[in-house]
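Take a look at these structures.
One chain, chain A, appears in both complexes that follow, with chain B as partner in the first and chain C in the second.
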Partner chain A sequence: MVRIRTRQAIIAYLTAAPFVLFALFPFAWMLITSLKQNRELYDLSQNPFLVHGGITWDHYRFLFEHTAFPLWLRNSTFVALVTTVVSVLFALLAAYALARLRFAGAESIATFVFIVYLVPTTLLFLPLARLVAMLRLSNTLWALVVTYPAFIVPFATWMLMAYFSSIPRDLEESALVDGCTRLRALWHIVLPLARPGIVTAALFAFTLAWGEFMYALTFISTTNLKTVTAGVVVNLIRGDVFYWGSLMGGALLASLPVVLVFSLFLDSYVSGLTAGAVKG
Partner chain B sequence: MANSVPSSMRSQQRDAGIQPTLWGARVGLICRRCLAWRAETITAWGFLAPTLLLLALLAVYPLAYSLYLSMTTTQVGAPGHFVGVQNFVQLLGTQIFALTLSNTVWYTVLAVVAKLILGLILAVVLTQHAPGMKWIRGMILIPWVAPVSLSVLAWTWMFDSTYSVINWTLEHLGLIATPVAWLGVPDLARFAVILVNVWSGLPFFAINFLAGLVTIPRELYEAATVDGAGPLVRFGRITLPLLRPVLATVLLFSVIMTSSDFATVFVLTHGGPMNSTQILATLAFKLGLATGDLGQAAAISLYLFPVLALATVVQVRLMRRTWQW
Partner chain C sequence: MNITRRDFVRGAGIVGVAAASGILHPPRVLAAPRIQLLAHSSYNEDSDKAIEKLGKDFAAKHGAEFSADFIDQPEVAAKLTAEEQAKAGHDIVDLQDNLPTIHKSYLVPLDDVVADIVKANGDFFQIAKDSGYVDGHWLSLPWLGNAVLSVYRADYFSQVGEKTPETWEALLRAAAKLKKSGHPVGIPISQCEDANSILYPLLWSYGASVTDTRGRLTIDSPATHAALDYARKLFAEMEPTVLSWDDSGNNKYILSGRGSWTINAPSIYLKAKKDKMPFAESIEQRQPPAGPKGRFYYADIHGWGVLNFSQNVELAKQLLRSMYTEESQKVFLTLGQGYDMPVLQRFDANPPYASDPQLRPLVGFMKNAHLAAYPAAPDARAEKAYQTYVIPNMFARAVQGSSNKDAITFTVKALSDIGYSK
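Let's look at the complex of A and B:
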């Protein structure tokens, strides 16, 4: 029995290995590149997988001392945090209404929210750039704070709708009978119960906001005001050609926050996904 | 990251309460409930107001505005005049747009099919039981979580014309004699952008398929095995049919997200060489921001609309079937 299980595990690892390698190699490559000295990085006679000349932190030092990278990180953090809080608040109210309250048109509204969720940012970036200009928000972080909820709220609403309908209504109904208002019932009874769902929604909202590229690229042109996704891609390229060390270091560092946050909530995420699966 | 199915779409939770239609019948009879119903309606619209205003301002209005722009000759800083569908027709006649349109179709079809096949295989791989499988699933998800524009930058470096690690490896394995210009030759560049799109989109497919797979009762497979069905027959007769709702949802999502992709191509090739990887989003961006031709640019991005509309209609139907109010 034990031997069969060991064999099964070995087969599982062997079959998963190529996929894990494929998934993680670019990140490993970012790390290796960012730690190598330039003369080794651009030496074709060397084995590129090894670091011969010793690890160097120069690329990271350069990022933090000579580029706007720290500002970009700060900007991204600001935009992602504000967007997450605002979006989750909006979505909480909307999802509660759609999942719990009885009113004519609930189904149409839910469908509408879902359709908006399907509209890609690619289709909206031009008119939104004009709108942002009209609101006099061009080239400010507020341009992103205002526009990001447009694609995050629909998504978070749907996630929370599913979560709310999995919470039994009894508790909240007895609170309502006791004279509690809807808002108080939502705040004191539903929210604590829905906390895992809200955390997951917030996590997704943060990840989406942190990783957004097209609006960040379009709405903001000043280097110091960029978020990290646009900044690293557009502004890290210096006069000379050899910049890959700091580029990869920047890409790795800026990917790290979402990956870390995600690994913390991996359990709730994967189990949430598998629990809510389609039956039949 | 932007593409993920809300878990509600995959759930079949039935609301325990009274159905809205039943309510309607009872309202006339019990007037106290009638009042409560009205209060509930007011509360509902109050709760929905912020979201609806937001979406009206930032999704509905821009979409309508885009449609308007596409039918004018508007340039940055210069208001244009109404020209009807002229932009759309003119575009079709230009070589670069015809190429872009065909690139977009190929990009979408090949990437989605690759993600579908690899996603199914990966999902089956991930259903296996072994210590630490949870972490393997987590690692598989990372390309999908990390910001696409940044991870594509790593691929750009991996495909570098001189220092490509992929070339180094292939050369040392004796598979190629001279370095391959991955991003310099049209068909290779097309392969490269598709590969990178598959890389970042695969986790989404795999994890949703995995979620679907684990709900299929084991007894079905056991019974089929007893009846002498081989693994392929079991896959074709049990797995695929039972996975169909998930397959359809993921497929439609991916068609929308892949056809409207921007970051992959923008970072990896900027649409080059010679526009051979130019797709609708990158061309619209180029025209709209570099040359300031807003009317044409809006028309280009609106060529995505038929695909989007079709996928949305099918998707909404699927969703209505699985979600009960």
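Let's look at the complex of A and C:
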């Protein structure tokens, strides 16, 4: 029995190993590159996977002392958090209505939401640019807070619709029979049960908002107001000279909050993703 | 007071509509006019500083405010498109090469500004006019040019007994020796701007071009076959990684100490010098090689356009005029270090960087330089061909095993899809 378990564990680890390596490779690459001295970065004869000439923190120092990187991080955090809260709130209400309430055109609306989700952000940014200017939000972080839900809400709505469908209606109907209002049933019965789904939707919303580039580039001009995705690329690529060390350092640091958030909510995330998969 | 749900919804709706239409915005306080400028970020940070200085000096004299935003060149198009859709944003924008012709509906004619500048200083170079003069009007005020030169390690060439290659054929001879010595030559044959800036002039130097002077497709010609044959031979002496280089690829290749020759803007030379690299003294620059039909020069031109939805058109024009005074040009060209070159003939006579022997080949460069549309006038098709790397793709196919016929057929199809015809 023990031998079987050991063998199963070995097979599991061996199967997972290539995927883990694949997932970790970009992080390792970013870390190694960000710690190399410029001289070594330019030396093509060196093994790119190793640091030969000694570790340097110059690229990180440059990032924090000569660019607005801390401000970009702060801006990204603000935009991603506010956008996540707003988007998940809207998506919750929309998903609940579409999954639970019976009204004319519910199915068509659900399909429409799905179609909206399929519209690429590179197309949406043109009409949204006009909207942002009309609201006089150009070159402010609010331009991003207002526009990001345009692509996050449809996605989160579909994700939550699937999750709500996996929660038995009987629980909610029992509450309604006992005199609960629809809103109280949603608050006290459905939402606690839907927590993993909400967490998953919030994680995706945060990740999408954190990593967004096109709107961040086009709606914000001032360097100090940029988010980290746009700031790093726009300020660390100058003509045909790339500040590789700082670029990699910036990318690595920028990816850490997302890693952290996923790590904190991993259990909820996994159960949220698998919900509805075996709906009977 | 009781508020019903209906009252609340109605009230919220009214407030929402009022906010969206601007009714609820606070009354505007009379503020100093503000000029906003959007430019590409130069390799040379001092170039950006020069523009900021000129703008701020002007603003201080005119009781105005000035701000400049610098972004990576490839991102300018998206930014510009968004601002045009919104009809709001910057007042003055950086327009490279063929962009004035693409954005002409949104640009204020600058004929009066150019007339004043030409009256005081003489004519612009033809390549600058090619870029800024569209449909009978100056839609962009040419500001600077970026040239490309042969950049090479003089020590490596002398080690193999070769001189600076004056022709593509001489380069090929040297390339074989340099490869054996462990320091191959390298030009990008990939989807990047540097590849465009090298391969268009290579085509021209063999007598080939995308179109004739009237814009009719002429790429399917014996001269193109000859250029592809040459590229195939040169590729055999280079490292295959040139097929994947981005704009930083040849910089890195030379600065790593491995590469011996490439074509690039002076950024390689200037960086080696600035960082005091041990081999900086060995990096030299000369005119790009000549082909059977002569030596051809490629340059990028950047000009200033004033957007027609700007609230400060006249002030923007005044700022542009002020950028062409003797003093302003001195500031700009000194800080530009030769990476940024003048487009007005007068200021090219003795620019501050001409005292450096390695930058001296830049003097007079613009007189003979062309944009990608050459020999036709710039248009949107030329920009699309440039942005989609049609010519580098043709060379990449040829050097990777496609026959000349297949590579050219592919290119004719790509150019026809863009709108070219015979």
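FYI, the second predicted complex is superposed on the first by the 221 of 280 C-alpha atoms of A that agree within 3 Å, B and C clash if a C-alpha of one lies under 4 Å from a C-alpha of the other, contacts with A are read in each partner's own complex, and residues count from 1 in each chain.
Just so we're on the same page, contacts are C-beta pairs under 8 Å (C-beta built on N, C-alpha and C of every residue); 3 or more make two chains touch, one makes a residue touch a chain.
All figures in this text were calculated on a predicted structure; none of them were measured in a lab.
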Which superposed partner A:Ser138 touches (first chain B, second chain C, both, neither): second
Which superposed partner A:Leu44 touches (first chain B, second chain C, both, neither): both
Which of chain B and chain C A:Arg130 touches, first, second, both or neither: both
Partner chain(s) touched by A:Ser263 [first = chain B, second = chain C, both, neither]: first
Which superposed partner A:Met214 touches (first chain B, second chain C, both, neither): both
First (chain B), second (chain C), both or neither touched by A:Leu191: neither
Touched partner set for A:Val233, first chain B, second chain C, both or neither: both
Which of chain B and chain C A:Leu71 touches, first, second, both or neither: neither
Chain touching more of chain A, residue-wise (chain B, chain C): B
Chain B versus chain C as contact partner of A:Leu81, first or second or both or neither: neither
Residues of chain A that lie at the interface with chain B and also at the interface with chain C: 42, 44, 125-127, 129-130, 214, 217-218, 233, 244
Chain A - residues contacting chain C, complex: 38, 42-45, 125-127, 129-130, 132-136, 138, 214, 217-219, 221-223, 233-235, 237-242, 244
Contact footprint of chain A on chain B as seen in their complex: 1-2, 4, 6-13, 15-18, 20, 23, 37, 40-41, 43-45, 47-48, 50-52, 54-55, 57-63, 65-66, 69, 122, 125-126, 128-131, 133-134, 136-143, 145-151, 153-155, 157-158, 160, 162-163, 165, 168, 199, 202-203, 207-208, 210-212, 214-215, 242, 245-246, 253, 256-257, 260-263, 266-267, 280-281, 284-285, 288-289, 294, 297-298, 301-302, 304-305, 308, 311-312, 315-316, 319-320, 322-323, 325
Chain B-touching residues of chain A, taken from the complex the two chains share: 8-9, 11-13, 15-16, 19-20, 22-24, 26-27, 29-30, 33, 41-42, 44, 47-49, 90-91, 93-94, 96-99, 101-104, 106-107, 109-131, 146-147, 149-151, 153-155, 157-159, 161-162, 165-166, 168-169, 182, 204, 207-208, 210-214, 217-218, 228-230, 232-233, 244, 247-248, 250-251, 254-255, 258-259, 262-263, 266-267, 270, 272-274, 276-280
Complex contact set, residues of chain C against chain A: 19-20, 22, 25, 36, 38, 40-45, 67, 69, 71-73, 75, 78-79, 81-83, 85-90, 193-194, 246-248, 250-253, 255-258, 264-265, 267, 271, 275, 339
